[in-house]
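Here chain A shows up in two complexes: once beside chain B, once beside chain C.
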Partner chain A sequence: MSAAEEVVAEGHEAVEAVPKRAMTLGTGTSLLVLAALLIVPAFVKNFIIFQMTMLLIYGLAVLALNILTGGSGQFSLGQSAFYAVGAYTSAVLMEHANINYALTIPISAAVCFAFGYLFGKPALRLSGVYLALATFALATAMPQLLKLNFLEHWTGGVQGLVVTKPDAPFGLPMSQDMWLYYFTLVVTVAIYIFSVNLLRSRSGRAFMAIRDNEIAASSMGVNVALYKTLAFGVSAGITGVAGSLGAIAVQFVAPDSYTITLAISLFLGMVVGGVGWLPGSFVGAAFIIFVPNMAESISKGLSGAVFGVLLFLVIYLVPHGARQIAILGQQFVGKLRKN
Partner chain B sequence: MPAMHVRLGALSAALVLAAALSTTASAQKKYDTGASDTEIKIGNIMPYSGPASAYGVIGKTEEAYFRKINAEGGINGRKINFISYDDAYSPPKTVEQARKLVESDEVLLIFQSLGTPPNSAIQKYMNSKKVPQLFVATGATKWNDPRNFPWTMGWQPNYQIESIIYAKYILKNHPNAKIAVLYQNDDYGKDYLKGFKDGLGAKTSMIVVEESYEVSEPTIDSHIVKLKATGADVFFNITTPKFAAQAIKKNAEIGWKPLHFLNNVSASIGSVIKPAGFENAQDIISSQYFMDPTDAQWKDDKAMIGWNEFLDKYYPEANRADASVMYGYVVAQGLAHVLKSCGDNLTRENVMKQAANIKDYEPAGLLPGIKVNTSATDFAPLSQLQLIRFKGEHWERFGEVLSGDVGG
Partner chain C sequence: MELFTNQVLAGIATGAIYACMALAVVMIYQAIDHLNFAQGEMAMFSTFISWQLMQWGLSYWAAFVLTLAFSFAAGIAIERILFKPLAKAPILTNVAGFIALFAIINSSAGLIWDFTIKQYPTPFGSAPFLGSQLISTHQAGMIGVTVLLLLGLYFFFQYTRIGLAMRAAASVPESARLVGINTSWMIALGWGMATAIGSIAGMLIAPVVFLEPNMMGGVLIYGFAAAVLGGLSSPFGAVVGGFLVGVFENLAGTYIPGVGNELKLPIALALIISVLVVKPAGLFGRHIVKRV
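What follows is the complex of A and B.
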């Protein structure tokens, strides 16, 4: 059995064991994708650039969930809450404190990291579906917390906050959309490289050891409590960055933007992209952005049902999501070379 | 007959003039993106899915109405191409759909995007792009702000206008009332409450209790019991249909009989009064601006007959008890009126100019005496309401048509 076949064959546990090398793309493919992402915006309309920006942003959020679930084996349905905290941190800082948008992003990351880490503490006692439920509660509570009266002065309550979109700096001849796209791309690439290296590091090995067998991990000397909360913190921090970028790209934050539907979409993106396969996060993001639009164009009244059917097809035909397709593609290319 | 000769002369002179002008007239046709000799592209964003999907009916009715217009030859010979997208009531999705409509589908304007948060999300974008965001489907007061947002216009009487009208009525007829207010804890409820307090002015102390509830609560019975305990004799009920029916029922159950003001949002006989029981709803006061299709008094009205014919032919599966169907029918006529008055000058600027220049227009379906009026400083097309009182099995209009303009 090749390594790739192993990955697909082991589907019995809740979260499969993905060897760390199978978590990323080869260097050549990565550079090719990056080149495409750099060049395409020069040839398309602003609207497409906006959609590509949203793709990167949701991709980041799915990536964060992937580190948590695919990496450390913990479930979360509460990512929308971290996303909301990141978005609101940026929006409030930009609109009330006049802080530069670029500076609000590390602040969001720090705030969300702290929030996630603290939430991870009590959640430690829970695992599997119970943890999913606890985070679900967080996601349901968040929109209502944002509406609270004593926060209304900063959050704008139900009316939300309008965010000013930044212009390209240094007088670059670029539209706002294009500038924001490249800005997002830089942040995304940085976080992607960070994530890949994190999972290859000692901490990443600890995450995966916990995912595969908690008892074995702790008897090897891994501090289970520390690494589980750390995974939560990192995941929340990255989601917060995605939230910040999302707020700037959409130019508006309101409690209704960050409901449980968003959390479920992100979860769905992760499954479709392939749990534990980092590049799949962006494929998953593309699925949650474009497939609802496709479903709507097929039938307006039944868009939900059409979306459901498409999702069924994906789950039945390629249960391991985009990763499976990538592996099949790889094997096909390998065979061609042999012949 | 000399008089006749003069007229004939004038006519022929006019004909010559018209012939001379016709060449220049065709040269004067002006178009922005989204309009051409044969077609006008109109964008629309509706929550066909998600928590507010019940309102998706409005989009379907409008689409049916434009099919009717097209079947009858279009507007000034141009067909309406109505492109309607789903945003599931989620503001980020609204932004994506609005950008798709403006930048990819290249519509002339966006009409009737629904909901306060979704419209807030795209307001800045639409105004910076200078694309009309016309007749938004929300009752918030902030859409009437032509100075800061000259490309955004509301449609229906806003919440504050309505509660000011109730406040005025209470001040005049019940100056010593003790008022209990129940409101939904969101933008809609708070907008109503603000208007009500503004209307009471110095006498806000008349409100003895303000109680709020969350949409997620299964029932509001406990709130009603609490309100009764304060001994209030006037009840202002700011609730959405499901809760309004609960409140009316509970009032009757516990024998609380205050003077009951019910917001127009829940004035539907089919979805509120009937489920709550006709006997429990007697003497409730509310207000309306269009005909309630479930109200038998309009059965033989010309507007109602026209509405029924339209539905038979273009939207037979519509639920005729749903007030949203009438709402969509009325506002679609409003857009057709604006486009018609644009003539051959279909620029975005002229669309806003014509929309801000409606005088005493009466689309079919409005209550008698209620008219659409706008001006360069008044972006609230409908700002009149008729007080109504529930008697027997239908609403009885009483008093004059009342108005009040409030800006955002």
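What follows is the complex of A and C.
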């Protein structure tokens, strides 16, 4: 009888347990991908470089959600709010205080970390759909808060703010887009390495213990409240960095760019990439950037339906996201080696 | 004081909309354990079907009954075709499926019936109810239908064999299967019933918010909030939650300075979250005890 009950209990686990080794790519593959990311921009048009920049930025935002959901098992529909705070922090600092764009990024990371950490405190009492609703509320409130009258002097109200795009420093012979791409790449790689190491550390193990079984984790001495809020803080901080980079890349911030739709896209990106598989975040980001455009080009009137059908196809074929493909690939390579 | 009572009354009137939707949300949550993000769009599509039937010359009630039958069948078909294959997939993948369904239905409705706002008739008339300017007969009728639905559901779940089987399948699927309940079909039945209830909600709401493909966006959010506030395991809680959210929203709009229409939703949600922080399973929800 206990076996049956255990099956039931397992079926109700919100986020499946991904072992921490399965959360990343091997060193060789990572270096290959990095090399490709370094070389490709030299051969493509500026618009494609811009799209690659956006891919890295959304990838970071999805990665942040992945740490929160895939790592610590907490679900959030409020990532767009953290993204907005990051974007606005950078924009306001650059336009009103004339601070260098590169310096605004650590500042917005800190601001968003604090914001996420504080939001995580009351959210501690909630889990599952209740937490989803709370974060959802945050996401719907954020554009309205940014439009508030007494903030208008700073935020530009409904109009938003225009952000100047930085030139390449030291007289490097690069277009603005290309410079921004490499700048984003450096930040992304740094954060990626940070996240991988975070999940391998003591804190990462604590996150995963909480994800797999909160009660068991707390009886093993994991400070559940601390690590849950910490996960929120880290996730918000990384999302904030993505928001800052996004504001600089798009050269514009406005309240209505950061609605719940953004949060939902980031969520879809995580599912498509594979929950709990960090490299998948970038695959998911590619999905949420390119597939809507593809759907639009297939049929203008029915673009939503085409997008929905494509999404259904993806989740039928690979219910565990891109991670599933990676695992299959690994097994295939393993077989080849044995032979 | 009169302002207060008036606002409460107006809140109850809008609350009836949310209560209807929340009831549908709870129904499907009972059956499948997820919140269905596409529920509002499904209700919107059903409402369009009934509108189309009326355009073709059917009477309101004929269209109403046909739409109910259609929605019930469509709900079952969606479950069988789209979501049964995902039964073993992770929960978050299922949620992505709901979002995909949302996009498909919304965009198809837009293509078939376009995005212009359409009038939708009401069977109850729109005269003031009992001489009050704040509640119209339609809104009173809506409250009445919601209460009737709630009673009907209560009797269905408490006193019929199939209601009992559905409850068993939802709470302990393994054991339910051992005593011979076809749990997979119970889930399909849950989808069918939830879709039918959603279509009733849609047809009652349409005269108030007007008919268009995006009519359910706002309503569904409030419906979710109401369902969560009342406790997702309790249909009664969902209805109470719906009325509370309606009243909350109206009072916040009236009494908190600087709250326009824009901030009503965030404030209502913030209040609900404060309630949840004190009572994490909702007002009437059963607290789920976890096994380690």
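What we mean here is this: the second predicted complex is superposed on the first by the 327 of 339 C-alpha atoms of A that agree within 3 Å, B and C clash if a C-alpha of one lies under 4 Å from a C-alpha of the other, contacts with A are read in each partner's own complex, and residues count from 1 in each chain.
Methods note: contacts are C-beta pairs under 8 Å (C-beta built on N, C-alpha and C of every residue); 3 or more make two chains touch, one makes a residue touch a chain.
On a predicted model such as this, the values are computed, not experimentally measured, just so you know.
Novice: Looking at the overlay, does A:Glu296 come into contact with chain B only (first), chain C only (second), both, or neither?
Specialist: A:Glu296: touches chain B, not chain C.
Novice: Please tell me which partner, chain B or chain C, touches more residues of chain A.
Specialist: C
Novice: May I ask you to decide whether A:Phe252 touches chain B, chain C, both, or neither, giving the answer as first, second, both or neither?
Specialist: first
Novice: Taking the superposition on A as described, I'd like to know which of chain B and chain C A:Gly160 touches: first, second, both or neither.
Specialist: A:Gly160 sits against chain B, while chain C stays out of touch.
Novice: If we overlay the two complexes on their shared chain A, which of chain B and chain C does A:Thr261 touch? Say first, second, both or neither.
Specialist: first
Novice: Using the touch definition from the top, say if A:Gln144 reaches chain B (first), chain C (second), both or neither.
Specialist: Both partners.
Novice: Which partner does A:Asn46 contact after superposing on A: first (chain B), second (chain C), both, neither?
Specialist: first
Novice: Based on the superposed arrangement, let me know which partner A:Gly304 touches: chain B (first), chain C (second), both, or neither?
Specialist: After superposing on A, A:Gly304 lies in contact with both chain B and chain C.
Novice: Touching A:Phe312 in the superposition: chain B (first), chain C (second), both, neither?
Specialist: Second partner only, chain C.
Novice: Is A:Ala225 contacted by the first partner chain B, the second partner chain C, both or neither?
Specialist: neither
Novice: Per the definitions at the top, what is the overlap between the chain A residues touching chain B and those touching chain C?
Specialist: The overlap between the chain B and chain C interfaces on chain A comprises residues 144, 147, 301, 303-304.
Novice: Contact residues on chain A for chain C in the complex?
Specialist: 4-9, 11-12, 14-16, 69, 75, 122, 125-127, 129-130, 132-134, 136-137, 140-141, 144-145, 147, 149, 213, 215-216, 219, 264, 267-268, 270-272, 275, 301-309, 311-312, 315-316, 319-321
Novice: Touching residues of chain A toward chain B in the complex: what are they?
Specialist: 45-48, 50-51, 54, 144, 147, 157-160, 162, 246, 250-252, 254, 256-257, 259, 261-262, 289, 292, 296, 300-301, 303-304
Novice: What part of chain B is in contact with chain A in the complex they form?
Specialist: Interface residues on the chain B side: 48-50, 84-86, 88-92, 95-96, 99-100, 102-104, 116-117, 120-125, 185-187, 190, 214, 216.
Novice: Under the touch definition given earlier, write down the residues of chain C that touch chain A in their complex.
Specialist: Contacts found on chain C: 33, 35, 82, 85-86, 88-93, 95-97, 99-104, 106-108, 110-111, 172-175, 178, 221, 224-225, 228, 232, 258, 262-263, 265-266, 269-270, 272-273, 276-277, 280, 282, 290-292.
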